[in-house]
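Take a look at the structures below.
You will see chain A twice below: alongside chain B first, and alongside chain C after that.
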Partner chain A sequence: MNASGSRGAAAYLGATLALAILAALAFAVGRFPVAVGDLLGAFGAKLFGLAYPLPENVETVIFKVRGPRVLAALLVGAALAAAGTAYQGMFRNPLVSPDLLGVATGAALGAVLGIFLSRDVWTIQAFAFAGGLAAVGLVYWIGSSVPRHDPLLALVLTGIVIGTLLGSGIALLKYLADPYNQLPAITYWLLGSLASINPSDLVAVALLVLAGLAPMLLLRWRMNLLALPDDEARALGVDTKRLRLVVIVAATLMTAAAVAVSGIIGWIGLIVPHAARLLVGPDFGRLLPLAMLLGAAFLLAVDTLCRTIAAIEVPPGVLTAMLGTPFFLWLFAASRKGW
Partner chain B sequence: MGKAATALLFFAAFALLVPPAAAQPARIADGANRQVVVPAKVERVYAAGPPASMLVFAIAPDKLIGWTRAFRPNEAAFVAPKYGALPELGRLTGRGNTANVEVLLAARTDLVVDAGSVAETYVSLADRVQQQTGIPYLLLDGRLDAVPGSLRLLGKALGDEKRGDLLADYFESSLKDIRARIARIPQAERPRVYYGRGPAGMQTGLAGSINVEVLEYLGARNVAAESKGGLAQVSLEQVLAWNPEVILTSDPNFYATVWKDARWQNVAAVRAKRVHLSPHLPFGWFDFPPGANRLLGMHWAGKLLYPKAFPEDLRPRVVEFHRHFYHQEPTAAQLEALLGEPGVLPK
Partner chain C sequence: MLRADKLSFGFPGRTIGAGIEFTLAPGEVLCLLGPNGGGKTTLIRTLLGLLPAHAGSVHLGDRPLAHVRRQDIARTVGYVPQAHAGAFAYRVQDMVLMGRTAHMGLFSTPSDRDREAAARAVGTLGIGHLADRAFTEISGGERQLVLVARALAQEPGILIMDEPTASLDFGNQVRVLGHVRRLAAQGIAVLMSSHQPDHALQCADRALLLGEGKAIELGKPQEVIRPDTLKRLYGVDVRIVDNTCLPDYALRQ
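And then the complex of A and B:
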């Protein structure tokens, strides 16, 4: 194995270890005091059927409140990082985030509409998911029906324009919303939070994220060819248009599902892929799993802080940038690897 | 004596006899202690937000030129049709600015009234609008304790001191009655309360927040009062750790979820079936809009928190408040709709 290979292995090992430690820690801390013995006892009872008398509410906290939230942080972090990695590779541009084609903005508009109409949480999430898919569908449809243009450029530009339009839709609804009642709910949704995750949300999101992840893993070798100019890729026998569509559908599915339950959480989809690239280089097959590990670990760390440092929740968007920026700058300075 | 002199004398005598009907503009110190010159005859009043609308409407409904947001049909049913049909003019200043200053001028407004915070921001906004339009702008203190004073002040400005005083006396005696009952309740008998907002009930008001002013007035133990601030998002785990004995909400979606969601079932309030939904017509009772409407919320929450100290039927209270503030008593069906909605009162 060459030097970069061993370095890649070290990165994987480190990320997996960090993730495991963080997950154990995340289960152990929270606003509801749970003794370590009770925590182990609860898991023992759940996994091995051991008899262990638990204090009131502890089981609810571990398996229905804290547990789902830990898993949601892992899932959302991994999904955003994977979608970001796929987009950055496909658009051959390091400044691309999963929201490039409007998925998060569309989801936000859907959720805001749901809150504006005073619907229940489930409907708001469904609106968000549908809004994300619809936004990207619209962008893809317009972008790919523009004749005689570089297809990628057409997509990017359409994405920017439609994203702005959706953004003004959000602004309009905020303006019309009841300032005492709906506006705060809208603001909290747009700030993003994993506070109201429940176990049934988690199953739905997990299925959708897996559905998006499968094609990316299966097509990982071809994904590298998307980084080449279109004619070169085609000369190598890749139907770039179809491949691009598959990637867009997969990334959109993952991101829309994640955003529907978490609200807008920025930074991860944009920066985590870079961190992974600095560690293992640009090969998609090696990059994707590491980006997902890092994204999951990072959001888990952030969310654990969000729910523990004060009685009130800290919005994850605040901490992702505050913690992520120094980490990224350090990585950037310490790395000698090319982009 | 010449004809002219007689006429002059006649006029002079007449002038002395006629009372000063067309009185001088009055100088009034408003809720923020701003000196505002109010015209002697105020006929058309624009209220900058729902709390102000309510006060103006209570004192002089025919002078209110519109609501900040048009009444929905279910809300309009609680006031006379001509008031329910008043146009939507939008809000002004801070609390979601949707009105154009030109609207004030086009509507030939004599007076602008705003009620709520009298902090520096709102004082300067009031000054700016007043300067720009030349229309006097009264800023009233919206805190519960300040409502009687605001009513008196507004009565004076609107030329109906009697009505202002009547309403102020009613409001004041209600507050006094509530305070007297609360004072007798020992701390140990005051349940720990969580106020859940938003569709998932995960937002709450911290100590000092206008959203829980009713709770603080009632001397209730707000579980979230360990930190000061406004609205905040909290985690379910935190709510479980607080384990409140009573949960109040104004969100029907949250009220429905709390009984179904397995994670809430061990919370003391849910087990004891002490989760309650505040009525919301024509204005919310508990925290929004943060106006005089919350007086009903106090009677309601008082009854839920301290059933022994507030044993009386709420119906007469509601009727009385509606008569005073909305100029129309609710029908039996409306009362039933307000108080009979599932969750409003214990079964």
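And then the complex of A and C:
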């Protein structure tokens, strides 16, 4: 207890420190470097009303350009990691990502449809959000009305089939899209990006992420029992069908909100919960906050790299895959113990 | 305490067994015997309310099981499933603590009282040395003991065990059956299924022989476990010598 308790505390401390350093870096580096002193001064002035003379362009870079983007990276990273943690526990499988039931594919189809119909950014985001919810709703409805002994397997298989169908819908729209304007926009959206985030998006996403997070935090003990075989969890007094529905709704809400503003950024929901579980074990109450911290830190680091390593911005989805694949293979090879 | 009345059971759309009648009294050990695929596990799932009865009824105390909430069933009936490997590396003490869930509020986490109850259950089974180990890393026999401890943490009046000795070595079989007897002596009613008629002869007060989709016999193990009933259940020739079932081929030597 004590050994693992102190290991958990160390993990939390380390993750928080890393997050703070990464956040400072994200504000400081870029095409327009900001000195650390200016950064501290700017936040001192904003938060505590300290007098600090700051050139206007520096203030604009900190609060108007980089601020929303840093917040978006934290929010999207934490949301994807939380949804992945919940799904991996619920589907009793460490290789599961939040897209298992088709939320990202559904969101992508919604966004692509919005772009195809030449709608404005807001409508495209709304389409993406609605598409994600509708896809998971459809999968849940079909998966739970098929009479099978194993409800989880029914959900997963339905998710795969519906995901393929939605994928072909995306392919069709890409084929029909105007190749000079729409197709590049579709491709760009599907690669994911935090560059075009705006502050009013952030408020909406934050509210939706909180709405999804609240039931997970409240039900954190019971979430552990979903990792047991269904019969056992029910015999221990848990209404697994209802709990599963709550978790699916919560995780879908978070993922759909994140995907709607950032596009598809893969791997975070898959590898971050995994890494967190290696650090503090599978107990959901301890795992969820750490996974969110690590997810926020990871996406912030990736996004900072994306806008600094090359003259043009690299899509974050490309970097998460490039960093995620070797990490995942290493985990796979190195962990001989249970997940 | 637990009563089955003209009970038919099975999967949705397929009835496996019918006409099951018994009452399980406090402090009694009832052993369910039958061949593979004979419906022991399905009957157990029906008695736990995990599958609906096809006809007849199961009563928990004086209430029909179908009308009792999941959480209330879990406060009265402890379930020991067949040992499995587990998906994630939960520590043994957390695994046992999960047995307390039915005593917690919907949004609660384990209280000190829950932790004490779990620690007591761990102590009863003598597995304190495993408390910090991962459930995924211990042996099959140890896992079975952990699952018994988890059921005890439920503080149940009735314990339902699905083949608790399957896949255990000789020592762990003796250990688990010893715990069954001790728990019955404390007034807990135990229903366990087994592949081994000998286990019924050694530690059960009554045996229910389940075959051909019905209860073939119900009574004292020494009276219902006979060469003819075992031939009917398993299709093999055995003789009972000194309260032990010996196969014919062994006696011919």
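Rule of thumb we're sticking to: the second predicted complex is superposed on the first by the 297 of 339 C-alpha atoms of A that agree within 3 Å, B and C clash if a C-alpha of one lies under 4 Å from a C-alpha of the other, contacts with A are read in each partner's own complex, and residues count from 1 in each chain.
Heads up, the rule we're going with is that a residue touches a chain if its C-beta (ideal position, glycine included) is under 8 Å from a C-beta of that chain, and two chains touch if they have at least 3 such contacts.
In this text the structure is predicted, and so the values were computed from the model without any measurement.
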Would you sort A:R66 into first (chain B), second (chain C), both or neither based on which partner it touches?
-> first
Given the touch rule stated above, what does A:N181 touch, chain B (first), chain C (second), both, or neither?
-> first
For A:D120, select first, second, both or neither according to whether it touches chain B, chain C, the two together, or no partner.
-> first
Is A:I312 contacted by the first partner chain B, the second partner chain C, both or neither?
-> first
Name the contact category of A:P229: first (chain B only), second (chain C only), both, or neither.
-> second
Considering only touches as defined above, state whether A:S193 meets chain B (first), chain C (second), both or neither.
-> first
Look at A:V36 in the shared chain and tell me whether it touches chain B only, chain C only, both, or neither; answer first, second, both or neither.
-> neither
Does the superposition put A:N93 against chain B (first), chain C (second), both, or neither?
-> second
Overlap of chain C and chain B interfaces on chain A (superposed complexes) = none
Across the complex, what residues on chain B touch chain A?
-> 50, 69, 91, 95-96, 98, 197-200, 202-203, 206, 224, 226-227, 229, 231-238, 240-241, 243, 250, 252-253, 256-257, 261-263, 265-266, 284, 287-290
Can you list the chain C residues touching chain A in their complex?
-> 11-13, 45, 48, 50, 70-71, 73-75, 77, 79, 81, 84, 86-91, 93-94, 98-99, 101-102, 104, 106-110, 132, 134-137, 150, 154
Interfacial residue positions of chain A with respect to chain B in the complex = 30-33, 56-57, 60-61, 64-66, 69, 115, 118-121, 124, 175-176, 178-181, 183-185, 188, 191, 193, 195-196, 198, 307, 310-313, 315
The residues of chain A that touch chain C in their complex are 1, 3-4, 89, 92-94, 147, 149, 218-222, 224-225, 227-229, 231-232, 234-239, 277, 281-283, 285, 337-339
